[in-house]
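Just so it is clear, A, B, C and D label the chains in written order, and each chain counts residues from 1 on its own.
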Amino acid sequence: MDARRTGGSRFGAAETLPPLAEGRRRAFDARSLLVVGAVGLTGAVTLGLAGFSSSAKAVPSFARQTGQPCATCHTAFPELTPMGRRFKLNGYTITGGTEPWEAPPIAAMVLPTFTKTKVQADTPPTNPDGYPIAHVNDNFIMQQASLFYGGKIFDNLGALAQGTYDKASQHTYLDNTDIRYTNTFNFGPLNALVGLNANNGPTVQDVWNTTPAWGFPYVAATLAPAFSPPLTQVENGWGGRTVGTGAYVFLNDMLYLEGAAYHNMSKGMLGTLGQTCPYNSDYIQNVNAWAAAAYPAVPGLPFPAWQPWSQNPQNYSLACSSSSLAYASPYWRVALEKNWGEHSLMIGAFGFYPEVLPGRVMGYGVDHYRDIGWDAQYQWINDVHAVTLKVTRISEMQNLEGTFAQGIATQFINAMGILNMYGVAPIPGNGPSNPINYLMSFKASGTYVWDRTISGSIGYFHVTGSHDYWQYGNALYNTFQTGAIYSNGNPSSAVGLPNSAGLIFDFAYMPFSKGGPELWPWANAKIGLSYTHYLSLYGGTANFDGNGIYYNGSSWRTHTATDNNTLFLYTWVAF
Amino acid sequence: MKVACLRLALLAAVLALASATAGRAQEQGGRQAFEAKVVYCKTCHGLSGEGYRGYYPMPRLAGQQPKYLENQLRAFIERRRVNPVMFNVAHVLTPATLAALTAHFHNLNPPPLGGAPRDNVGLGRTIYEQGLPEANIAACSACHGPEAKGHEEIPRLAGQLYPYTVKSLTYWGRERGQGGVRDDTSAIMVVTTHNLDAAQISALAAYLAFLK
Amino acid sequence: MNAHTARSRIMKRTSAIVAVAVIAALAATPGQTQELPVRNCTWCHGPSAQGSGAAPRIAGQREQYLVSQLHAFHDRSRDNPASKQYMWGATARLSPEMARDFALYFSSLPAEAAEDGDTGLAALGKVIYEQGVPDANVVSCIVCHGPRGEGFEAIPRLGGMSHGYLKSRLEQWGQGYHASARPMPLVARTLSADEIEALASYLSFLK
Amino acid sequence: MKTLRLAFLLWPALLAAASTLSFAEDRPPGPLPKPQLDAKIAYCKTCHGLSGQGFRGAYPMPRLAGQQPEYLEEQLRAFIERRRLHPLMQNVARALNPATLSAIAAHFKELNPKPLGGAPKDLIAAGKKIYEEGVPEKQIAPCASCHGPDARGDGAMPRLAGQLHDYTTQTLASWSKERGQDPLKPDSSAIMQPIAQGLTHEQAAAVAAYLGSLE
């Protein structure tokens, strides 16, 4: 459900875009204002058409099933209230509204958005198949359309399953999915809510909005910006691509304990669920390298997979990460939530230990990660006001045994001119400089909602990590990089640091939180405006990547952190 | 000592509260204050004085004899009739307010609240109209009148709440005529209430509860 | 019989015992009848119905009161903000039979005192609760709600309800909400903010 | 002495009368044991006042204190035999056996509370005049001639002193409708009949007021 953020994974998309394309610089001029206005109008029209509809993250089928308005479970959706958390913990089986046979627990959502960065991107964002579908800036896009199954299945079994069509990547996939069986037991003074759970990404099953899958910001542009900070394993990279099974217990409405294990999905399975891996990177790298040698360049050939790297580099770099989990990776979660009166306070921790086979390349070992998160959330909700304060700190130890070995092997192969059966090294660039790195991600945000309809949020994020030239890039390396040929996928930092920080502001209007229109009272909608301000990216502010491009034919422009400042306008409609 | 201190503290609290709230009451003019007092009575005794069934039954005041009401309110103050709640209520009433209140309630005539068991109404009627001479139970109607409307100090019983009548008759001697006061009119009822058994009391109260 | 078969027999027996125990435990789970989806209520009112947040304790509440309130939510005469938001929807499709069943079930659960009021105000609250403030036309609560706040028939049990809930109810009566719940609007109108605070504090400790 | 003798004389008649009544079987003929007798007396006093001084209920309950036993017994019998009509007192009287009746009558004779009062004081003088002198123009004899100068009565003549004025007025007004109702069994109430009829309402009220104030 969470908007898929660009970048992030080592084999991810946007951050690997080479500085090739040259666009016309567009200032924030009258014309763009016109566009903003047009989008606003479109949003309003969309709302008008879907006027008798409800929202996506406040899943309207839940509203129908429980007879409750969105605001019972959400402050500003998808942020949950204490009741929303309990609804989820009870396995989506709470009823009280319409019966399934009267209205099936199906809901839909559309998310038209408009994205503008302070300075245009070097190249237009592209989808994995290589077709540009957007401009270097000022993109209006029907970002996402989703279909939900949300509700009770039978007895104590319930599910939330989301199928999403992502316009930016032009594919349909199984988005956040969470299936639960729950029951309650009393052992003397101990009251236990016990649940069994299957989901498709770490923290998709979590009920607090401090964990990554449902954390702030709740919606972000899929088309911007060109640079974004690296993310820990638990924050990105596994949603939709793993199967987690676990059990949890919620004791005395207070103490939450959960254990789960995440398993790998086969390529076939991923394909079936719509995860974009038409060509897994190992396949792409090797086969295309072979193809490049076997076929001469044919400009304009409709199927770019057969084009050599030099002519269509994004084809290679945009392949989805096909790193896989080598074995079952444990996940745990502990949280203590205390509710008193209108207040709710949670203090918790979680851990995720992915065992990653980098690029699905066998024979070089496995990367071991250890992500430990600490989080706290405070909520004050009364009849008119709702305040949510969230803070999350995730520290990740990366034991990059596998990647490091692959890097050594690559260097060795390149240096010695040795060819393997495909004639290429396991990874296109080099491995990390260090076998062991760390990465820390800190997020804090506050949301205020007035009368359940108007929300304002401020978020702060801060990423720090260990110095690694090969992983995060360095000035020398970048300077020599002319295009993507030598890209190791991460040419972002001039100083080899992941350190980034920024602020996010979000304002939204939710017209149907207290109940939708009479014809379709379960409708929900959110019209929002968010602005992301980058304080620093990859260890710097001005020319942080030590790289730049010529544009408008002559002047040399370097990348500055604030270039990525993003204005994002969205209309979120679910029904 | 401790108990005394606590009581003292509580008393102080009450007094402080009373003085604080007295201002509130006095702000309102005479007529308004009287109306506020009427509403105050009706909060418990029903919006038409028809009585109210709470944890304790609140008796019907509608149509009640003013003299009886006055006498009872005085009895609360003088602790001849023991009721801590009504003691507090009664002792803040000025004679003028009291007279106006009793007149006001006397003129109300809502239908009875009802809600009594109906199976023994016949027996109740017999006891009310004729008494049970063998059991030394005098006919109630002799004093309270054939329609149970009462007379002067003799209360109206018609339409009185079943649980209230039951409670009153059952605990007569423990609630009324307390403090060794000799001329309390409640003494007249002592023997009768003593002679009535629970079933008879219930029947009688049920009969009265439906009487208009 | 050799040692191996003996061990396997013991294991089989053990697993059989475990299975039986698990089934028995599941079967013995109280209150989870198919017909009565109590979790629709405990979702908000807390797993043992002791109340949570705006949702009051319903465990041990008087059955007739619960029924009457469910009806008041259903016909929307109880229109407090929280009622409107949560309970109107929750009772929109509630049948009278189910309302009765819920009331019977929750009234039979043991109640715990919230004890979340201001202990310093409890003594004053007790005085108001038991005696009212006749000068200010504040009636005594005890006459309807009983000496331990136990309630009577459709008059609710108040003892041990949470301070916040009691306070907001009294305040909202004064503001004109739930006007049909006579005589409470009359009662609440006469109470000052301090008196409400004291009453709610006292009652939260009353068992 | 007189009381005893009278009771003795009446005994056979009373027995005969009692035996015709259905309730007689389950009642022992003798006087009640003391606790039960006390209960019965208390029962009487419920209506007739805790000292027998009379009581104003829905109807005025006459003063019994100091009343002549002979008169009391005669009236109770009159209730039973329906010579005197009173729906309540008929029931009350039926529940008393003769011995109990005598005991009760004796008890009330010994009481001497102050009159209940409540009579209009301005009529007292006129009442006293009528009581002591009669109304010669209407051939009404002085009451005192039968009821005694201090209105204490004697034997079958009832005591009037301290009687509730409203009771007296009412009794005089309804005399012929209430008393001597069995034509087959004329009783002594016939003596009062012309007198009660001869008195105007005002005169009756005056006499009643005077009697009501008399100790």
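Rule of thumb we're sticking to: a contact is a pair of C-beta atoms (placed from the backbone, for glycine too) under 8 Å apart; a residue touches a chain by one contact, two chains touch by 3 or more.
Predicted model, so just to flag it, every value in this text is computed and none were measured.
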If you tally C-beta contacts across B-C and across B-D, the winner is B-C
Central chain, going by Cα centroids?
C
Between chain B and chain C, what is the gap in Å from one C-alpha centre to the other?
33
When centres are defined as mean Cα positions, the distance from chain A to chain B in whole Å is 73
Need the CA-centroid distance for the pair chain B / chain D, whole Å please.
35
Rounded to the nearest Å, the gap between Cα centres of chain C and chain D is 66
Which chain B residues sit where two or more other chains touch them?
none
What are the residues of chain D that contact at least two other chains?
none
Residues of chain A that contact two or more other chains, please.
none
Chains touch in the following pairs A-C, B-C, B-D
Applying the document's contact rule, which stretches of chain D touch chain B when the two form their complex?
23, 39-40, 42-43, 45-47, 49-50, 55-59, 61, 87-88, 91-95
Of all residues in chain C, which touch chain A in the complex?
25-26, 29-30, 32, 34, 37, 39-40, 42-44, 46-48, 52-54, 81-82, 85-86, 89-94, 116, 162-164
Please output the residues of chain A touching chain C within their complex, sorted ascending.
66-69, 71-72, 82-83, 86-87, 90, 93-98, 155, 183-186, 191, 193, 252-253, 339-342, 344, 381-383, 514
Chain C contact footprint on chain B (complex, rising order):
9-10, 13-14, 17-18, 21-22, 24-25, 36-37, 39-40, 42-44, 47, 52-56, 58, 84-85, 88-89, 91-92
Within their complex, state which residues of chain C touch chain B.
123-124, 126-128, 130-140, 142-147, 150-153, 155, 182-183, 186-187, 190, 192, 195
